[in-house]
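As written, the chain order gives the labels A, B, C, D and E, with residue 1 at the start of each chain.
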Amino acid sequence: MKNVDPIIAIHNVTKYYDRFRALNNVSLDIFPGEKVVVLGPSGSGKSTLLRTINQLETIDSGTIIVDEHNLGDPGEDIHKIRMNMGMVFQSFNLYRHKTVLENLTLAPIKLRKMHPDEAKSLAMVLLEKVGISDKAASYPAMLSGGQQQRVAIARALAMEPKIMLFDEPTSALDPEMIGEVLEVMVKLAQEGMTMIVVTHEMGFAREVADKIIFMDGGEIIESETPERFFENPSQERTIKFLEQIL
Amino acid sequence: MKKIDIGDGAAIPSPDDKQLLSAWWIAFVGTIALLIALPIYDPDTYGAVLAFIPDGIQVTFEVTILSIALALIIGLITGLGRISENRIFNLLASLYVEVVRGIPLLVQLFYIYFALGRIVQVPDIVAAVIAMSFCYGAYMGEVFRAGIMSIDFGQSEAALAQGFNKAQTMRYVILPQAWRTILPPVGNEFIALLKDTSLVSILAVADILRRGREYAASSFDYFETYTIIALVYLLITLILSKLLAHMEQRLNYYEKR
Amino acid sequence: YAQRTILFATDATWPPMEFVDNNKQVVGYSIDFLKAAAKEAGFKVEFKNTAWDGIFSGLLTGKYDAICSSVSITKKRQKKMDFSEPYFEVRQALVVAKDSNYTRLVDLKGKKVGAQIGTTGYFTIKKADGAIAKSYDEVGLAMEDLKVGRIDAVICDDPVAANFAMIKYHNDLKISAIVKTDKTEYYGFPVVKGNHEVLDLINKGIVAVKTKGIAKKLKEKWIGK
Amino acid sequence: MKKIDIGDGAAIPSPDDKQLLSAWWIAFVGTIALLIALPIYDPDTYGAVLAFIPDGIQVTFEVTILSIALALIIGLITGLGRISENRIFNLLASLYVEVVRGIPLLVQLFYIYFALGRIVQVPDIVAAVIAMSFCYGAYMGEVFRAGIMSIDFGQSEAALAQGFNKAQTMRYVILPQAWRTILPPVGNEFIALLKDTSLVSILAVADILRRGREYAASSFDYFETYTIIALVYLLITLILSKLLAHMEQRLNYYEKR
Amino acid sequence: MKNVDPIIAIHNVTKYYDRFRALNNVSLDIFPGEKVVVLGPSGSGKSTLLRTINQLETIDSGTIIVDEHNLGDPGEDIHKIRMNMGMVFQSFNLYRHKTVLENLTLAPIKLRKMHPDEAKSLAMVLLEKVGISDKAASYPAMLSGGQQQRVAIARALAMEPKIMLFDEPTSALDPEMIGEVLEVMVKLAQEGMTMIVVTHEMGFAREVADKIIFMDGGEIIESETPERFFENPSQERTIKFLEQIL
């Protein structure tokens, strides 16, 4: 895999919230098709890392290059770059005033200038894929959390992104709904999507990840394959974390 | 500290407020009854006033509707300014709100009317509309600001993450949702504005009150004239407040399970 | 050829000189006078109902060409505007309650006296020694306050005073005196300074109306004796 | 549905609202600067107006303070009526609120002024105060109601359980606490009322605006006059809003840890 | 004990909230100095029973006689009767705008017309008793829950009542504070106060109660001594309840 260029290259990135250093000199390469799972205790900077990748947060130093676009370059149109990255939030964030179908078609029509009919049929395919096509005409408030999150994934996919970012996609779900969302994510992984997933679902991490990143205090402490990470953790903090969580 | 929510002269009764609802009915039926009975009882005074003012009602509505439309536009811009990260834009909007709030509407009306007169020649009614909407624009700005801020930040984030820019996010995602929160206070402001248009009578715009004053000036029936005028305003605002209360209840379609 | 149209502002709350009738038409002595003058001099008139308070401001800023609203010709006003020939001689009348015995300005020392804002009546009170001047948007409001006893007297133009004291409020009010002033007061039609074109037309009409005796007929129609 | 809290022309900036605070300062300094500079620049117009209106300022404050005091009393009774279990009392209070809210203040002013004139002999300033407080009493009633209802019901229960009757409970336990919630909106109403007293100028009460109009009517300096009047009102409300914001912050003494 | 008249006599009391019957034909006698603990599942009517005794709730049928006053008699001044009953609420309900001392003196001064100085010294004695005299000048918001509840007890005692009603006085407290409140209540019991206590503290019930009332569905199911109640519960519902709670 290392003979191709990374699709995301993060170099020595540091990020402050006021005085608080949320990311400390983070470097990370992600290659096309790779699935990276980010683990770490609360407040360790996982969300911040994800959010700097699509520039929902600006960085203070270092560089982030996504698909050959340097995000720090003022000449780059960040909105264009974001179109190629889908993001799934812990709290779903579906457009509450739009039906499920409209949630999927809004961005393609307005941003990709897709014909509404085309956007609709693409949307229906995606809804089929996440197993929720019967709810196309419903409003988000009528859906369960698990259903909403599957729609959120489909919405992200509707822009046909090259990379998918997941920030604890199952943390806000009741236990009985976590499975249905993970299932969709596993399918997506099998289809070869490049994915960065912040999660506490160790089963998913073990099964899907090519690489596991462990963060603490704004730093990347470990970066390993799942086998090595779970069987032979090298760092003390990782061991402590795993003890708590498993 | 808890905040109390008091509309400014808003008369939209909450559906939970049973007592005010039945007060509404009594007021409504009473007003209509008086508006029918008084002219029958004394057609030469009450009846004559009532016959004198209909075109004033039309003017009142014209001024109100034009003013609210303009105020909505000003309010949207002001509201966006008040939440803008652009320092200058934000400060200008805040200053506008602060100044408008600090000066009585009547003084603003006079001021804009006379100052405007020095610059451009516009019909009275246009001057009145400009003055009213300049003033109400500031209040509308606060309504918009509060409405926009009431929308969960996650909605913006989702839109930005999809590649929408800020303006698009506002237009496609935030405003359509904020509208729902904004409409009830806008309704209140509409009623408040309708009542405040009575001030333009001082500028000789021929609204309800002006017509009444003209009638009283030649007939000297001050008491009868103002009785009818008060009843007419009351009837209008009672009906409007009922309509708005109904509209509000229908707004929540996408939150229903 | 098309006749020149002149737009006049009027505060139609000053019966019988200018007011709104039941058909919402502006009517009254000044109005008829002007209409007759227009006919004589060959121009058209249009009226714009305007609040007295801002009536001069509107003229100065060009909202209309002239004012037809029982405007008394005073020195101060002449500094700001040009006036037509006088069209009506007016005196200031003192209106009081029926049972009152105020007959002179000096009787009103320390008393509240009302008038419409910015009228010569109001300026008369201001000049009177010791009277408390109260200004109203409309003279009718002052009369109403006089009737209910909030004020002790009203000073206004005599035809207006006559209209109130002899028709509507004849049970309650009376004209107790005509206020003596050093100079006779006349109504005129003001225009913006230097607007000779309009002024000449109006003056031409005024002269004709006066000489042909139309003015006298109008006086009988609107004011009576 | 979320409710938006918009004061009616209230200008009390929340201490969190940084932008409005700095707008306050700019407005304040700007107003003072203009009030000093304009009369120096042209003493014959701006200066003359400023010299003409001071007794008007006093009248404005007199009317405002008397009206708010009376409105507070009416408001307390109305508020108690609106939460009363006594059907009649409650309905009367609700009806009063509904009717007053439905009629423009200016119309009410005219109506009460003239109607009152036919019944009793009172000086015009008293009539103005009665009219203003009749109108604001309804708004105050809603403020009191909301304030009283904001007090945890457990407070009443504790007092009743100790043997206090309802009136004593209200007096010793509820009102002293409600006051804290009520004061900020009362402050807003105070400022709103101060601005609305400009309407009494139409009733020939010699307030700021009336004095200004009188000046303009004889000098024809409309623009200059209304500039000064607007600035004077602005200065007054800016100062008042600042004072009220300070007072509010000191109110919470017994909730601090 | 049964040779004196009951200080509270409840006969066939039924109470509805709208259509819902919260008390169903309840009868109960309480004698001077007796300590009654009321147990029962949530919604069984315990609070309602307590609140009808001091007429915070009116009843629909039956009679309640407190200290020889029939509460249903329109000639009785309920406010006078309430002065002889102290009530302690789950949520303390201290007057938030008054200092601790003022909380204790308000009712005695206004209702018993006690001289302020006298009220103050009585208040200080009571605060001493509940171990909180050093907080006399504090406002309720500055106190912990346990401290507030002890003040609430002292406030009730300041009216020198004959009967004390407690409605789950420790339910809103953190565990470490329950003890200090129960201690005060035990002391009060030892001094001979007539007490009706709704509580879930079984230890307290066992130690202090003369009689345990078990309620369910608005009815009194059992009325027993603690020994008999805990060792030999006779009713099925009681047994089930005890199983759950112990």
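The rule we apply is simple: a residue touches a chain if its C-beta (ideal position, glycine included) is under 8 Å from a C-beta of that chain, and two chains touch if they have at least 3 such contacts.
This structure is a prediction, so every number in the text was calculated from the model and none was measured.
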Starting at chain C, what is the smallest number of hops through touching chains needed to reach chain E? 2
Taking contact as defined at the start, I'd like the list of chains shared as neighbours by chain A and chain D. B
Looking at CA centres, what chain is most distant from chain B? E
Report the inter-chain centroid distance for chain A and chain E in whole angstrom, where each centroid is the mean of the CA atoms. 57
Provide the C-alpha centroid distance between chain A and chain C, rounded to the nearest whole angstrom. 81
Chain centre separation (chain B, chain C; CA means) in Å: 37
Between chain D and chain E, tell me the centre distance in angstrom, where each centre is the average of that chain's C-alpha atoms. 46
Which positions in chain A touch two or more other chains at once? none
Residue numbers in chain C touching 2 or more other chains? 53-54, 57, 137, 144
Chain D touches at least 2 other chains through residues 114, 118, 180, 202, 213, 222, 255
Chains grouped in pairs wherever the two touch, ordered by label: A-B, B-C, B-D, C-D, D-E
Touching residues on chain D, where the partner in the complex is chain E: 152, 154-155, 157-165, 168, 172-173, 176-177, 180, 253-257
Touch list for chain B against partner chain D, complex: 1-11, 13, 19-20, 22-24, 26-27, 82, 90-91, 94-95, 97-99, 101-108, 110-111, 114-115, 118, 139, 142-143, 146-147, 150, 180-182, 184-185, 192, 195-196, 198-199, 201-202, 209, 222-223, 226-227, 229-230, 233-234, 237-238, 241, 248, 251-252
Sites on chain C touched by chain D in the complex: 53-54, 56-57, 60, 76, 80, 114, 117-118, 122-123, 134-137, 141-142, 144-145, 147-150
With touch defined as at the start, can you tell me which chain E residues reach chain D in the complex? 54, 56, 79-80, 82-83, 85-87, 89, 91-97, 106-107, 110-111, 139-142, 152, 155-156, 159
Help me check something: in the complex, which residues belonging to chain C touch chain B? 11-13, 15, 19-22, 24, 49-51, 53-54, 57-58, 61-63, 137-138, 140, 143-144, 164, 168-169
